[in-house]
Every structure is written in structure tokens, then in C-alpha cells.
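My questions will all concern the structure given below.
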Amino acid sequence: MATVAARELVDGEVVFVGIGLPNLACNLARRTHAPNLVLIYESGAVGATPSRLPVSIGDPALVTGSLMVCGMADVFQLFLQNGRIEVGFLGGAQVDRQGNINTTVIGSYEKPTVRLPGSGGAAEIAIHAQRILIVAKLSPRVFPERVDFLTSPGQRVAKVITDKGVLERDPRTGELVLAALYPGVAVADVQAGVGWPLRANAPLARLEPPTTIELQLLRDVLDPKRLYLKS
Amino acid sequence: MRDAVARLVRDGDVVVIEGFTHLISFAAGHEIIRQRRRDLTLCRLTPDLIYDQMIAAGCAKKLVFSWAGNPGVGSLFAFRRAVESGQLEIEEYSHFGMVARFLAGAARLPFWTLRDYTGTDLPRANPRIKSVTCPYTGEELATVPALNPDVTIVHAQRADAQGNTQVWGLLGVQKEAAFASERVIVVVEELVDERVIRSDPNRTLIPAAVVSAVVVEPWGAHPSYAQGYYDRDNDFYVGWEAISKERTQLADYLDEFVYGVQTRAEYMQKQPRLAERLRAGEQFSTGVNYGF
Amino acid sequence: MRDAVARLVRDGDVVVIEGFTHLISFAAGHEIIRQRRRDLTLCRLTPDLIYDQMIAAGCAKKLVFSWAGNPGVGSLFAFRRAVESGQLEIEEYSHFGMVARFLAGAARLPFWTLRDYTGTDLPRANPRIKSVTCPYTGEELATVPALNPDVTIVHAQRADAQGNTQVWGLLGVQKEAAFASERVIVVVEELVDERVIRSDPNRTLIPAAVVSAVVVEPWGAHPSYAQGYYDRDNDFYVGWEAISKERTQLADYLDEFVYGVQTRAEYMQKQPRLAERLRAGEQFSTGVNYGF
Amino acid sequence: MATVAARELVDGEVVFVGIGLPNLACNLARRTHAPNLVLIYESGAVGATPSRLPVSIGDPALVTGSLMVCGMADVFQLFLQNGRIEVGFLGGAQVDRQGNINTTVIGSYEKPTVRLPGSGGAAEIAIHAQRILIVAKLSPRVFPERVDFLTSPGQRVAKVITDKGVLERDPRTGELVLAALYPGVAVADVQAGVGWPLRANAPLARLEPPTTIELQLLRDVLDPKRLYLKS
């Protein structure tokens, strides 16, 4: 997933980075095909080149040696609302057929079964970043027909990168459709993790497996303690 | 710290302890727990461990927030138990919404305008998110109401005795929260001579004019951090998952590390290897010329 | 500078050269005059000598401003002649109104809200000052429309080759003007290695992401100043009163110091004792620790 | 006038300072009875202790050694609109019976006889500072019944410090009335410089002449080159 996400990034782009896999993906891209990627964290660090894998979005390693640190009012007003962010990464407890994301509650808002953390910056990232990439593992609980609570609208979702394949948003219908598969994965495997009848592009693209260099960077340099890499 | 909290934080107050990951005043939160303040409305973008502890200790009546999790780790279970059982009132925004509330409060305007929330369920969950029509274009834009706390507490690297406060590294919304607030407590790693402040005036984030009290409390942000002083205690954040999950473990934690100490110095003495493990390395910036 | 202006400043543009007393890019203004740009809408809080010169040279169709004088000295006579004879269109705000227009532009909102203008004649003189009703309190508050220039030019102490720009001393509204603008030219005293910028990221005012061109032009702000590099040329400001008062003297000034030179370096060579008279003394700040 | 203005300032107050006489008055007060006066300049320098007399409001000497430098958005939103400014100094080409100030045009706005600089920060200073002090020399042209253009409203004007006496705003009628005279000045001398029938308080206060210390500070320390002191 980290490799596939990394390959979605174009050199020179300004990326709003979350913690975990998106952060890995961005730093992998910076060390391979996109050395001029500009990473912006919602904590206010711009152009960070962290010397260690940050555990939180406000890690001190994101500040030391960054190009700019600004207050959060500037992050949201001058960067995000201003339209300067080209790519935004989001995850979620639920992603629905239209690419909408829920990070607020499972069940009703008033009497939730599970109280999730809430929007954080996800609502405005989904509204203002020019292109949204979602990273999430497939499962029918995570990909329902409709989210219990709509935290982040799906309009700007470009791709959903999962552990079995990549979904794209059909610009006509707004629906997520299967666009590419990992080697050895069948359409039915993806359908098993999605709670609506999944349409598939024809022909389906084939995702290249990680190269030796990519694997080596991920395992030896970027996440040697396996904080985010599970395989 | 004891005097500042006794004098400036009252039962029923709207209280803000700000700092985005960086510079969260755990020392002040612990003192508020020790002084058994009640019925507080706690506001913060990210309630973080400090509000999880204050909720567990029974200080909070209401929480105003935008992201309630343990960053990179998981849940805040005291918060979740309180919400899922209906014992804690909540008022929820996105980060931008909370930042905008502080901006309005700091500028003493009744509301702030932002492009946000279109297509989301947030305005349905929170009727205080409204809208306004642009007098030039006719567009409809989202609004949030000003947030003007009774008291705001911020941690900082250094201040002079008057309260002129300098911060570097992540700035969060501390400036806005301080200007929005009726009373402000600044907690610092170091009290410095006014000449240190005057030698680099562009670093001053909060001026004495808005500060009610300056408290010197080294390591007062632990397990949060202070750039240039000590690192974030990520192990503690990871460990909080297990403590927070069980009521009894959380109670034991509070008994030992909050109620069981009188001061932050005692808190540090209980953990003698903490300082050594977290003390910051050196990476100094170069001075700039303010001459003319 | 010649290339940057040729490429990025066009006839009919809305042009902003910002900097409040500090860091006004006279070098860019002179180059615009030399390249005989026409029909510009010039915007600045304080038109200052630079717009007085550009108005005299025939570059301006319209002026948007909030205080048009020679600070501490008197009038801008080219401006006054143009207004009093009806040859220059004007659009007038207060300082706060102009700042608010840049804030709205930078945040890409169509308007900004402020508490201002009640009881004044300014909204009568400028119908673009309107009002909005607060959706929470029902209060009526003043509004100004966003200002989004075609091109903004700011002078700064230093930047890297990508355009990450650091400023200390007075900050004016440069950050807001840059973020509000379609194109941005940064003119610096010194081009520095990216490592210098990265050694003190809290000093960065304008990020490369919004910068179209970086021009290196030492002394490019004279007779304005650059903190830590050279003092304001107050004698020149005082002397401008007499030059500006007489059309012919002003024309002679432009002939000699603007049209009569090709570059800023030539401008400085014509005034060999300037650097010695104005070069800044040293008063360095101390570095802070960014380690963790 | 500088001495009288200085005596109006209370130790510890936050003062929005203009250039010229107000700046002299503030620095005189700081060196006599009000050492903790906090001077804020609209350029963004807070707590300045200038080592030379600033010619402009953005003089570099206001920055070096100040307590804080902030952008102008903060000056207007966080200090002024926030209500943190206790005293604001204003001057003007015209001051009228109600304390309103004109710094915009003489004559009509559309076809002015004299185009003045305009508001600058004067409109919002008059609206937001808790107490306004006006410093101006008496003359019927400067003190008309009604200003040609209302740049700054008079509601918060506390006193008008002139070269012959001090006017105060009557809180009931909003009208400027004579409150105090310099030694040797008669009521008629003040009336001669004011374009409306001037009412006078009874009894009138007597302004103390500058002390030796005040004169010495003004002439030898604060304005040795007589930039702003004319007498």
C-alpha cells in the first residue's frame, strides 16, 4: 500500500501529510521519483525532512530542519483554504460508495455505538485539497454502502488505495469503482471487502509489486522498527 | 502553579489548555485536578491525554473539541466512556472550525467566516455551525461563533517576569487562544531577563499585556514536549492506551502521579530517569542582526 | 530584476509593492518605470515615495490606499496633483480596511469582517465598504472586499533559490499580500543556502510555494530600509518634499536616478557615499535550540 | 503641549503612539512618572524604547530592543479591535465641535481643495482605543463648527491638548469645552482659535508650566535637534 500510494505522487507537488502510512508513502516518494515533494503537516511544519519516523503529526523531528513553521490559522487559511494543497491523504473508519468518509461515530450521533476521534482537519482537507487519496484496508464494515456519519465529503477523492487493489471515483456517477489489482488478487477478493455491488473498469490495471529499492528503503531506512509496515 | 490555579481557575469556568502536540501544560492540568475544580467546560482542538485525565478526575462538565484521539496510538478511553454513557456534554467542530473560533475570539468579533462543512453532517451535529451571505458575491459561507475562554493556559519555552512570552517550533493556536481569553496563565521552562526577550522581539508570541500570571515549571509539558528542551515521551503516549482503557488503572495513575505529588518537581523526582531519556540534543539557530 | 518585471508585471495589472516603512522595493518600482508599464492599479497602505514616483512617471491608472503622505515630512505632491486634477482614480480605505482586504485575499474568502467605520464618512466615499449581519448576535459589522493582486512584490532580508523567504523587524502585511496574489516577486538582500532557512524555520514568512521569482538586489529597498542591513534614508525622505513639489525637479530626478541607470548596482554607484552613511550597525540576536 | 500630553498618561497604560509630539510626550512620561508605559506603534513594534527620536512610525530604532514585533493584522485585530489599547493619540487637519477629526480632504471628497493623506489607522484608533487624546494647535481653520469630512468619530475623545489650553468633551452634549488654560492665556485667546462659541468649565483649571526636569529631558535628551519642539 505504501508503495502504491507513493507512486501516486508527482514530483514538486505540495502534499498535506497525515501520520502513519501516508507519511511513509511521502517519504518513500521523496527518496525515489519525487525528491521535490513539499510535505505540509497540519501542525504547521512545511517542507519537513524528518530524521526519524514521526509517531505524531506534531513530532519535534518535523520541525528541526523544516523550511517553515507557521501557526495553525495559517495552515488552514493560507495553505488549505487558499488552494495551495495539491494532494491530501485521508483514512477513515468508514468509506462509502461515493467516497464519503466517516471518522466521527459508528451508530447514531446522539447515542453512538463507538465514538471515533472526529474530523480533526479531515473535513476541510476533503473540501480544499485538489486531489484526495484515501488509504484503507478492505472489509465490509469499513466500506459500507453509506457512512453512518458524513465527516468528509467524497467529491475530490481521486483514488482509494487498499490492501487488495485500487478504487477510483467515476467522475460521471461519483461512485467508487475498481481500477487496479495487486498481483494474484481476483475481483471477487475485492468485492468480498466492499459492501455494495462493485463495478470494475475494463480492462483492469495491474499494480506493479514493490521494487527491491522500494522495499529496502521502507524496511531498512524509513520504518526499521515496523511501526507502520505490517508485512 | 498552585497559587496561579487557585487564583485564576474557578469552578464552572470555560478553560483552554492549548498546544498542538507541542507545549501542552500537563503541569497545569494536574494542578487543576489536585485542586478538584468542577463543572469546567474544557476546550481544545485535541483533548489529548491531559483532558482524558481531567475527564477521568471529574473536572469536566462539557468538552469542546475537534479531534479526540491518542495521536498515532488509539483512543482516549476516559473520554469515550464519558461520551458513550452520556455523562459528558460535547460540542464538536473540525480543526479549522476550532481555529476559526479562537481567531474570532482573539479579534473580538462575534463570528468567523470559513469555506467549510458543505456536504458534511457536522452542521447537523452542531447547530452552532451556521452560515452568512457574502455582501459582494452573494455566496453562502460557513461561520462559527467566537470562543472567549475564561482562562487559557499555555506552556512556552521562555518569558520575562512581565509575561512577554517567546515560543519556537510548532505554534498551534496559542497566540489566538491567549488573546481571546479573559485570563491567561503562561507556564515556562525558563524565566529570562527582559533583555533576552528584547534581543529578538520577532520571537515574542504573547505580550505581557494579555498575561495574568507567569509560572516557572521546568518539564511542565511532559509527556508533551518543548522544542530545544525535551523530546515528546512517545512511550508514555503508547502506554496510555492500556492505562486509559481500565478505570482502575487510570485511578491508580492519578493517585500516584497527580494526587500523590504536590508539585511538578515531585512528579519529576518520582521518575528519575525521565530527564536523561528525553533531554533535547543541541541544534542551535544562528542569530540575526537587529542593528540599523 | 529586468527579466522578472518583464515576465511578471503586465500593462493593466493590479500591482502591490508592500512593506510598511520597512523593506519597500524601490528597485522593483524603478524597473517598472523603466519598462514603461501603463494603466496599473497600484495598491499599498501607504503609497510612499515609490508610488509618488510611479504616478509621476505615468504608470498608474488607479490608486488603492489608506494613507498617502510622506511620513513625518508632508505631502506626496505627484499624488496630490494627480488627484486634485482628477487624473488619477482612487479607492480609499483605512489601514485596518486595507489589511483586512489582504487578509481576505490571502484566505481566499470574498470579504473580511471588521468593527470599523461606524460614524465615519468613509463608507460614503467608498461604496465597496459594506456590512454583514452576525448570524449569532444580529449585530451589523463592517466588511471590505478581498484584494487579490495580479502581482505582489516584496523585499526581504534573505531567501533561498526556491523562494523560501525570511524577514525580521517590521512585517507589515507582506505575508498576506503574497498569499493573496496571483504572482509574487521576492527581492532579497542576500540569496542564502537552503540550510540557512532550515536552521531557523520559524523565521520564514513566505514559502516557496507562493513565489514566482527571486531577485537578488542588495540595497534594493533604499531609501526605505532593511533591518540589519541598512538604515532608512530619512534625509532622502525629507528632501523628497522639494523634489516632489515641482514637476520639473521630479522629472529631473527620474531622468537621473531611474531612466538614467540600467540597474540597482548603477544606482548605487551614482551615490558612492550612500552605503557608508547608511550601513547598519551590529546587534545580533542569540540563536535558539531546535534540537529534540 | 508635550508636557501636558505626557501628564495625561497613567503608569502602566498601553498607548498607541503616533509620530511627532505624541511620541515625545510618551517618551517624556516614560522617563518621569510613567516608567511602565507600554508603547505600541501601528507598524507593529510593541514596548519600543527607541534610542533615537523616530522620524517615521516604522523607524528601525523602534524595532531594535522592543518587546515584540508583530504583523499589522495582529496590530489591528489582536490589539486594537481586541480592546487592548487604553490611550490613542490623534492629530488632524480639522477637529470640530463634537471632537470629530478630518484627515481626508478639505472641500468636497469628489473635488477636494486640498487632498490630505487620509485615515491611515485614525478611523479605527478613534473607534477602539478606550481614550483618545488629540494634539493640535488652535486656529479657526483647524477647529471649525463641523469637519468637511468625518475621518475619525469623536465619541471617545477625552481631551484636546492645544497650544493655549486644554478642551474636554462634555459627556452629556458631546461638545468640546474649555477645561484648562496655560499660564498667561485668557479665555478670549482660546476662543479666537475656535470656530464655534466655546463654552468654558467653571472654574477653569490652570496648567502647570513644564518643570526644569521636563524641559531638560525634552530639549537635551528626547529632541536635541528640535525636530518636533518649536519653542
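Chains here go by letter, A, B, C and D, matching the order in which they are written, and residues are numbered from 1 within each.
To be clear about the criterion, contacts are C-beta pairs under 8 Å (C-beta built on N, C-alpha and C of every residue); 3 or more make two chains touch, one makes a residue touch a chain.
Model, not experiment: these values are computed from the prediction.
Of all chains, the one whose CA centroid is most distant from that of subunit B is D. Separation between the centroids of subunit A and subunit D, computed from CA atoms only, is 58 Å.
Chain centres here are Cα averages; for subunit C and subunit D they lie 28 Å apart. We define each chain's centre as the mean of its Cα atoms; on that basis subunit B and subunit D are separated by 40 Å. The multi-chain contact residues of subunit B, meaning those touching 2 or more other chains, are 108-109, 114-115, 168-169, 171, 175, 199, 202, 225, 227, 231-232, 280, 283, 290-292. Residue positions of subunit D with contacts to 2 or more other chains are 45, 60, 63-65, 69-70, 77, 81. The complete set of chain-chain contacts reads A-B, A-C, B-C, B-D, C-D. Residues 106-109, 164, 175, 179, 194, 197-199, 201-202, 204, 207-210, 290-292 of subunit C touch subunit A in their complex. Of all the residues in subunit B, the ones that touch subunit A in their complex are 20-22, 45-46, 65-69, 71-73, 75, 79-80, 83-84, 86, 92-97, 99-100, 102-103, 114-122, 124-125, 168-173, 175-176, 225, 227, 231-232, 234, 237-238, 280, 283. On the subunit A side of its complex with subunit C, the touching residues are 14, 38, 45-47, 60-61, 63-70, 77-79, 81-84. By the touch criterion given at the top, residues 19-20, 42-45, 55-60, 63-65, 69-73, 76-77, 80-81, 104, 109, 111-112, 114-124, 127-128, 149-153, 155 of subunit A touch subunit B in their complex. By the touch criterion stated above, subunit B contacts subunit C in their complex at residues 108-111, 113-115, 128, 130-137, 139, 141, 143, 145, 157, 168-169, 171, 196, 199-200, 202-203, 225, 227-232, 280-292.
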